[in-house]
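Down below are the structures I want you to see.
The two complexes that follow have chain A in common; it is paired with chain B in the first and with chain C in the second.
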Partner chain A sequence: MSNPVNLTIDGKAVQAAPGTLLIDAAKQSGILIPAFCYYEGYSLQAACRMCLVEVEKFPKLQAACTLPVAEGMVVRTEAASAVQARKTTLEFLLTNHPLDCPVCDKGGECELQDMVFRYGAGESRFTEVKHHVDEKQWSPVVYYDAPRCILCYRCVRVCDEGMGVTALGITHRGAYSEITPNKGDHLNCDQCGACIDICPVGALTSGIYRYQTRPWEMEHVGTICTHCSDGCKTTLGVRNNEIVRGNNRDSTGINGEFLCIKGRYAFDFIKHEDRLQSPMVRRNGKLEEVSWAEAVKAVAARFAEIKAAGGAIGVAGSVHSTNEESYFLQKFARQGLGTPHIDHARSGDVPALIHALAGKTDALATADSLYHAKAVLVVDADLSQQHPFLAFQVRANVRHHQAAVYTVTRGPVREEQTAAKAVHTADYLAGVRGLGEDLKKHADLVIVFGDGIKGAAVGELVAFGDSLGIPVRYVCLVDYSNSRGAMDMGLLPELGPGYHPAAVRGMSLPQMAASQDLAALWVVGADPLAGGKRLASGKAFVVVQDLFLTDTAKQADVVLPSASAYEKSGTVTNVTGQIQRLKKGLNIMGAKPDLEIFGLIARAMGVDAGRAQNEAVFEEIRKSVRGYNVPLPVLATGGAAQAQPVNGRVDVLPDPELVRSAGDTLFTSGSLGRYSKILGSVMEAPGALYKG
Partner chain B sequence: MTFSPELEARLAKMLESYPKGRERAALIPMLMYTQDEVGHISKELAEEVAKRCGVTTLQVEEVVGFYTMLRTKKMGKTHLQICTNISCLLVGGDELWQHASKKLGIGHNQVTADGSISLEEVECIGACSWAPAIQTNYDFHHYVTLDQLDKLIDDLRRIQ
Partner chain C sequence: MPYNKPHPAETIIISRRFHLPNSASIDTFLAHDGYKAARKALDMSQDDIINEVKKSNLRGRGGAGFPTGMKWGFVPRQSPKPKYIVVNADESEPGTCKDRLLMEFDPHRLIEGCLIAAKAVGAHQGWVYIRGEYRYLIDIMDKAIAEAYKANWLGKNVQGTGFDFDLSTHTGAGAYECGEESALLESLEGKRGQPRIRPPFPAVSGAFQCPTILNNVETFCAVPDIILNGGDWYASLGVPRAGGTRLLCISGHVQSPGVFEVPIGFPMMRAINEMAGGLRPGRKLKAVIPGGSSCPVLKADECDLPMDYDSLAKAGSMLGSGGMVIMDDSTDMVKAALRIIKFYQHESCGWCIPCREGTLWLKKILTRLDDGIGVRSDIDLVGELAENMLGRTFCPLGDAAALPTISIVKKFRAEFEARLAQVQVPAGVSESLVRIHV
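And now, the complex of A and B:
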C-alpha cells in the first residue's frame, strides 16, 4: 500500500489505500456498515441512505458508500444520529411495503428484514392507504412484486453492467417508481436471474423457486454446474431430496456470484418424467426393465465373450462424467477389456494447444486471467452465448480495469459493444494477424479461441502470440462441464491420460460407427447415434449408460440408468483446466453413478481395474496424469486448482477434423437441455448464435 | 424518423457539444426540443432519441417517466401551466387554476377538443418572486390577474 490513509472507525485505528470508500475501509477492518444500494463491483448509486455515518467535523451525516477515506477522519458508524437516520429511512421504506414476510420467498434471508430487526423501526407514523401494484410475470423466470421493491437499483446495475443486457430500468418517480422490463410488459433478456439473486428483498422472484419453501428448510450443497465448460460453482438448495434452487450467494468458487440461466435454474432435467429409472435389457426386440444384478450380468457376460473372441469393442465416454469416471473408464477399457477404441465428442483442440505450448510455463489462462489481463482477444466464439461466465469475466475486466477487448468472429457478438476492435471474417487467422499492431501495445493478452481454430491453425495462432513480444495466455474453448477432463483423462483413441500417446491407436467414434466388425459399443453419457444414425456393424452389442433414452439408447441391447452430476461426487475440470469438486446433492433410487456402474461390471467380469471409488481413483489420477498433482485441501474446501499439463510435446496429435463444437446457445445444453423445461420455456432471446 | 432541417441542425450541434462517447448527455434537451416539434414523446420518438444518444429505449422511458415536462400524451398547441404551489397559492394561484379550468372546460393534463390548448396544474416553476406565475410553452407570465388570464386564453384561441 502506497502511503496508506489513517483513520479511526468506531474507535478502531484503520488504514486504507487512498481513494478507498469508507464503507470498504470499514469492511476490511471487520465493521459492517449497512447498505442497500451499494454493491461491490457495480457502479455507485447512493440512493438508499442506509449507510449514513457520523464523521467528525462534517456538519451532516455522510454516505459511507461514496465517501473516500481521508487522513485523520474519525467515523462513528453507530452514532445515535446515524442510528436514528437509518431508523427513519427504514420507516420510510416501509410506508408502502406490504410486510408480507410470512409468505415472501426472501423472508429469513431478507436484507430489509435484517435491518428492521437491527434498527427496530417497528412502528409507522404512516396512516394513509398503501400504494399497491399487483405482481407481474415478466418471463418464465422473472417475477416482480413492486410493493416490496426498495428501489436500490441493484437489479438495474447487475443487468446493465454485469450482464451487458440492460433489460431493466426504473420508470416513474417517487412512491410510484417501478422497475420496468425492456419490452414494456415482459423481458427479452438472458434470463440469468442475477437480478433476482441480487435483490435485497423479495421484489424479484424466480418462477422456479417462488413459494416453494422457506430458506431455512433447505440444505445448501455447493457443487459445480453441469452444463457448459466454464465450471461455475452453484449452491443447490435441497429440500426433501429435491433441488429447489441454485445460486451462489456466498461468492465462493471461481465465478463469485455469477451464474447463467443454466447454472441457476436448469437443474430440472433431473426430475423429467422421461428420466430412466431402471436398467433395461432387450428381449425379443423390446427393452424390458430388469434388476441391476441381471443387467450387469448380461453386460459382463457379453463383454467377456467378445473379449475372449477378440472382437472389437468401442467405448464412447462422456463430456459430463467426472474425471474419476473418465479415467476409470479408459483404464477399464484399455486394460480390462483390452480395447484401444476409446473416444468422446470432442469440441476443442486442446491437445494441439498443449503441443503448441510445449516448453512454456504459465501459458494457460484461468477464469481469473480473463478478469485481470490488459487485453483479451476472442476468436471464433460467441462468448456471451456459449461461455456466459467467461464473457462475464471479460465484461468485469472492461468495467473495472478498462481492458481492451478484440473480437474476430464470423458475425456480430455481444463482446463487440465494448470492444476496441471487432473484425468480421471467416478467415480467423488473417483477422487475428491484422490486429498484431494493436495487440502489441498491451502489457499482456489472453487469447480465447473456438473450434474454428484447430489442428495446424492452433500452432499458427501460438506462433502469432509469440511474435507479439508480450506474455500471452490461451483458452481453448470446449463445450461441456467435463469436456476438458475427458481429454485430460485420455478418452481419445490416440492419447491416454495426460496426453501420452496410447500404446495402440484405436478407432475414433466415426470409425467405430463405420466399422463392419464392431462387436460391441459401450456408450457412457453420449449420443453418437443421435438423429437415428445406425452402426455399420449390424451385430454390435450396444450398452448405453445415460439419464435418458437417447437415440443411441433406443438402439441399445442394455440400457443402464445413470446419475446426473448433481447426484454424485467427484471432480471435473473446466474449460480453463481448473479442477473442482462435485458434491452430491441428492440421493437417488434406480439410477447409479457411472463409476459405480463401471465397478459393478468390472467385478462381474472379474477384471481388476482398481477400486471404483472416487478418492482412490483421484489419487491415481494425481500420480499418473500430468498436471493433476494438485493440492487436495484446495479442492476439499471447494476451491479450484488449475491443472498444468503443459511442458511437453504431444507426440501424436488427434485428427482435428473430429473437433466440432455443438454450438449450444445460452438456452440450450446438448441433450440435457432438451430435458430442462425451464430452458425450453424461455424462447425469445438470445435466439440463434450470433456466431452465424 | 427525421425532423425539420432547423431541428436537425440544432440536434447535430447539441450532440457535438459533449465529449465523444457521452452522447447520452444530450438526452434531456433532445427530448424537449423534439417533443416541441412532434407534440409528445411517442414510442417512435423515444426509439429515435435512444438511437441518437446511444442508450436503450427503456433508458429513455426512465427519463420521460421522471420529468413531468416530458409527455407521452399529445398536448395542445399551447400548453398552459398554472402554478398552485405555495407562493402562488397565497396570492391567487388556485383561483387562476379554477378559472382557466372552467373557462376551457378541461382539467389537469387535458386538451381542448380543438387541440389548441392543454392545461396543467404545476408545482413551483421558480418564479415565486413574481407570483402568481403561469407558463405557456416556454414563456413566463408574472403577477397574473384573472383578467389577464382571460385575455391570454382568448388570444391563444384566436391564434388558432
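And now, the complex of A and C:
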C-alpha cells in the first residue's frame, strides 16, 4: 500500500489506502459498521443512515459509507450517540413495517431482524395506524410486498448495475415510496432473482420458495448448477428430501452472489412427473418396467454377445455427466467393450483451441480474468443469453475497472450497452481483424468466442491474438454444465482423455446413426435421435440412460433411469476449465447415478474397468488426464481448481462441422429446460430487452 | 401592472425597477442602467469579478447563506469539462415569495446576473430551473430571454466581446425537494428529484458532472449592482459578515403583507410594525417564523433583534430565505405545527429513513393532538422524534421539518397540554392504551 492513511477506529490503529471509505476500512480491520443500503460493488446511496458514526472534529454523526478515511481520523462506531441514532432509525423504520416475521420468508435470515436484535428498542412507541399496500406479483418468480420494504435500493442497483437490465425503479415519494418495475406493472427482465437475493428483508420474495419453509428447517447444500457451462455455485435449500430453494448468499463460488434464473429456480425438472422411476426393457414392442437386476442383466448379456461377435457398439456420452462418469464411460467403452465409437454433442471447438495454444502458458482465461482484464472481445456470442455469469463478470469489470468491451456478433447483444465498439457481421474473423488497432492499445485482452469460430478459424483467431503484441487469453464457449469435461475426458471418436489421439479413430454420432452395421448404441444423457430420427441400422440394440423418456429412449430396447446433477456427487469442469465438485443434495428412489450404472454393467459383464467410485476415478483422472492434476483440498472445500490442458499440439483434430451450439437462451436449457416448469412459466423472451 | 410603490423605510436596490411601468421589458431595463454591469464585467478578468463578489460579502439568498464569492472561487479554472450556470428558481419554502417578484418585474436583472457569473467562471450555458407551480413566470422569463438574445445580451459573441452564453428555462414538476441544489441538478438532468451524495459539490461536479455555479435567483440578481458600484459599496450596506440588502417576504397576521427590501441587519420589529403595517387592531404578536417555515419559530419576546445571520443564529433561529410569517395571539400553535409538518411530510422524497418515516409519524401524532385525542406522552414524543431526525438525514429537508417542530413544542408546550384528551388515565395504565378508547 503506497502512503497508507492512519486512523483510529474504536481505539484500534487502522491503516487504509487513501480514498478508502470508512465503512470498508473498518471492515478490513474486523469492525463491522451496520448498514442496509451500502453494498460492496454497487453505487453508494447513504440512504439508510444506519452507518452513522462519531468522528472526532465533526459536529454531526457521519455516514461511514460515504466518508473517505483521512489521516489522524478518530472514529467511534459504537459511541453512545451513534448507537442512539441507530436505535431511533430502526424505530422509524419499524413504524410502517408490518412486523409479520412469523409468516415472512425472510424470518431467520433477515438483516432487519438482526439489526433490531442488536440495536432496536425493546418496545414500540408507535401507536398510529400503519400505512399498508397490498402485495404485488411482478412475474412468475418475483413478488413485492411494499410494507416490508425498507427502501435500501439494493434491488434497483443490482438490476441496473449488476445485470444491466434496469427493470426496477422507485415510484411515489416520502413514506409512500415503493420499488416498482420501470415498465408497466410487471417485470420483463432476466428473471434472475438477484433482486430477491440481495433484498435484506422479505420485501422481494421468490415465487417458488415463498411460504415453503423456514430457513432453519433446510439443509444447505453447496453444489454446481447443471444448466449452462458457466459453472455457478448454487446453494440448494433442501427440506424433506426436496429442493425448495437455490441461491448463493454465502458467495463462496466463482460466481460470487450471481445466479441466473436457471441456477436459482430451474432445478424443478428433477421432480417433473415424467421423470423416469424404474428401468424398462422392451418386450413385445413395448417398454415394460423391470427391476434393476433384470435390466442390467439384459444390457450386459447383449453387450457381451455383440462384443464377442465383433459388432460395432456406438457410445454417446453426456454433457451433464460428471468428469468421473465421462472418464469411466470412455474407458469402459474403449477397454471393456473394445469400441472406438465414442462421441457427445459438441458445442465448442475446444480441441482446436488447445492445439492453437500449444506451447503457451496462461492462455486460457478464467471467469476471474473476465473481471480483471483491461479489455474483453466477444465474438459470435450473446453472453447475456447463453453465459449469463460471464456476462455479469464483464459488466462488473466495466463498472469497477472501466474495462473496454468489444463485440463482433451477427446481431445486437446486451454487451453493446457498454461496448467501446460493436461490430455486426457474419464474417467474424474479418470483424475481429478490423478491431486490431483498438485492441492493441490495451494492456491485456480476453477473447471469448462461440461456435462461429471453429476449425481453422480458431488458429487464425489465435494468430490474430499473437499479432497484437499484448497478453491475450481465450475462452472457447461450450453449452452445458460439463460440455468442457466431456471433451477433456475424451468423449470424442478422435481423441482420448487429455486430447491424446485415440488409438483407433471411431465413428462420430452422425456416422453411428448412418452406419448400416451398428450393432448397439449406448446413449448416456443425450438425445441423438431427437425429433424422431431413426438409426440406419435397424437391428441395433439401443440402451438409454436418462432422466426422461427422450425421443431416443422411446426407440430404446433398455431404458435406465439416471440421477440428475443434484442427486449425485462428482466433479464438473466449466466453460473456462475450472473444476468444481458436485455435492449430492438429495436421495432418490428408482434412478441411479450414471457411474453406478456403468459399474453395475461392467460387473455384470465381468469387465474390469476399475472401481466405479468417484474418488477412485478422480484419482485416476488426476494421474492420467492432461491438466487435471489439481490440488484436492481446493475441490474438497468447495473451491474451483483450474484445469490446464494446454501442452503440446493436438495431433488429430476433430471435424469442426460437428461443432454446433444448441443456441439456448436465458429461458431454455436443452431437454432439461423443457421439463422445468419455471423456465416454461416466464413467457417473455428476454432477448426483446436488448433490441431497439 | 407595476408593483406597488416602495415603502419609505426600504433601501431599494434589487427591487428598484419593480415599480416602473412595463418593468419586465428590455427597453425599460436598458433605460434604467440595464446590462451596464454586464457590459463592464465582459471587459473584466475572471479574478476581478470573483474578487468583487467576494468583497461584497454577498451570501446566498436561498436560505443557507453561503458566501457567494467563495462558492464561485471553488469552480476549477482549468477544467476539460464545460462549466454551467444554474439558477435555483424553485422557490418553494413556505412563506417565501421574493424570487417570483424578481422574475416577474425584473427578469433581465436575473439574466444579467447569470451573464456576469458565466463570465466569471467561463461558462457558456445556463439554465433557470423554475418550479412547476410558477408556470406564468416561465412565459415572462422566456420572453425576456428572447429579448436578450435579440439584443445580443445572450447567444454567440455577446456584444461583440467574443463571449458566448446561452440561457434557457427548465421547469420543475412540483417538488420542494428540487430546491435542494443537488436534487435540482438530478431533476434538471431528467432523473428523479433526489439529492446527491456530497461532496463533490456542484462547483466541482454539478450539472451533468460538470463544474456548475448554482445560486438562488436573488443571489444572481444582487450581482449586477455589485459589479456596477463595487463590492465595498455593497458590503457597506449590510453588517460586517453579510453585505447588501435582501428581500423580506412578510406574510401572516399583519395589515400590509408584502415584499420589502431592507439592508441586512434591519430591525425585525420595524419591518413588522412600519413596513408591514403592524398587527391587526387589538391583536398581540405571538410568534414569528423569521426565514421560511424550516426555521425555528421565535416567540414575541425574542423578536426584538436585527435581521442578520449572526443575530438570528444567536436567537436560535435562521435568517433563511427571508420568508417571515407573523402570527398573532389568535394563532393555534398546535395547528401551526401540524400545518408545517404536513408540508414536509408531503414533500419528503423518501430517500432516507429518518425523514421519510419521521415526518409521517410526526404528522400522525400532531393530527391526533389537534383532534383533541392526544395523550400527555405524545408531547414529549413529538419533540423526541424531531430530535431523532435532526442532523441525521441525508439532506437538510429532515432538519427543516425537525427544527420548527422542536421549537414550537418547546416554546408553546402549554397549548399542547391544553389540547390533550380529557380522560382520566387509571393508575398503572399506559397512556397510549387510553387513546384507543378515546
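One rule holds in what follows: the second predicted complex is superposed on the first by the 684 of 692 C-alpha atoms of A that agree within 3 Å, B and C clash if a C-alpha of one lies under 4 Å from a C-alpha of the other, contacts with A are read in each partner's own complex, and residues count from 1 in each chain.
Note that in this section a residue touches a chain if its C-beta (ideal position, glycine included) is under 8 Å from a C-beta of that chain, and two chains touch if they have at least 3 such contacts.
Everything quoted here is computed from the prediction, not taken from an experiment.
**Q** Answer with clash or fit: chain B and chain C placed together on chain A by superposition.
**A** clash
**Q** Quick one: is A:Thr180 in contact with chain B, with chain C, with both, or with neither? Answer first, second, both or neither.
**A** The answer is first: A:Thr180 touches chain B but not chain C.
**Q** State whether A:Lys60 touches chain B only (first), chain C only (second), both chains, or neither.
**A** Only chain C is touched by A:Lys60; chain B is not.
**Q** Of chain B and chain C, which one contacts the greater number of residues in chain A?
**A** Counted on chain A, the partner with more touching residues turns out to be C.
**Q** Let me test your reading of the model: by the given contact rule, A:Thr166 touches which partner, first (chain B), second (chain C), both or neither?
**A** first
**Q** Now for A:Gly19: first (chain B), second (chain C), both, or neither, which partner does it touch?
**A** Once the two structures are laid over each other on A, A:Gly19 reaches no partner at all.
**Q** Using the superposition on chain A described above, determine whether A:Phe126 touches chain B (first), chain C (second), both, or neither.
**A** Second partner only, chain C.
**Q** Tell me which of 25-33, 43-51, 97-105 or 151-159 in chain B produces the clash with chain C after alignment on chain A.
**A** With chain A aligned, chain B clashes with chain C through residues 25-33.
**Q** In the superposed arrangement, what residues of chain A touch both chain B and chain C?
**A** Residues common to the chain A contacts of chain C and of chain B are 169-170, 172-173, listed in rising order.
**Q** Can you name the residues of chain A that touch chain C in the complex?
**A** Listed in rising order, the residues of chain A that touch chain C are 44-49, 52, 60-61, 66, 85, 88-89, 91-93, 95-96, 125-129, 131, 150-151, 169-170, 172-177.
**Q** Touching residues of chain A toward chain B in the complex: what are they?
**A** Listed in rising order, the residues are 166-173, 180-182.
**Q** Touching chain A in the complex: which residues of chain C?
**A** By the definition above, chain C touches chain A via 175, 177, 192, 197, 345-354, 356-361, 364-365, 368, 381, 385, 388, 391-394, 432, 435-436.
**Q** Spell out the residues on chain B that touch chain A in their complex, using ranges where they run on.
**A** 56-59, 61-62, 64-66
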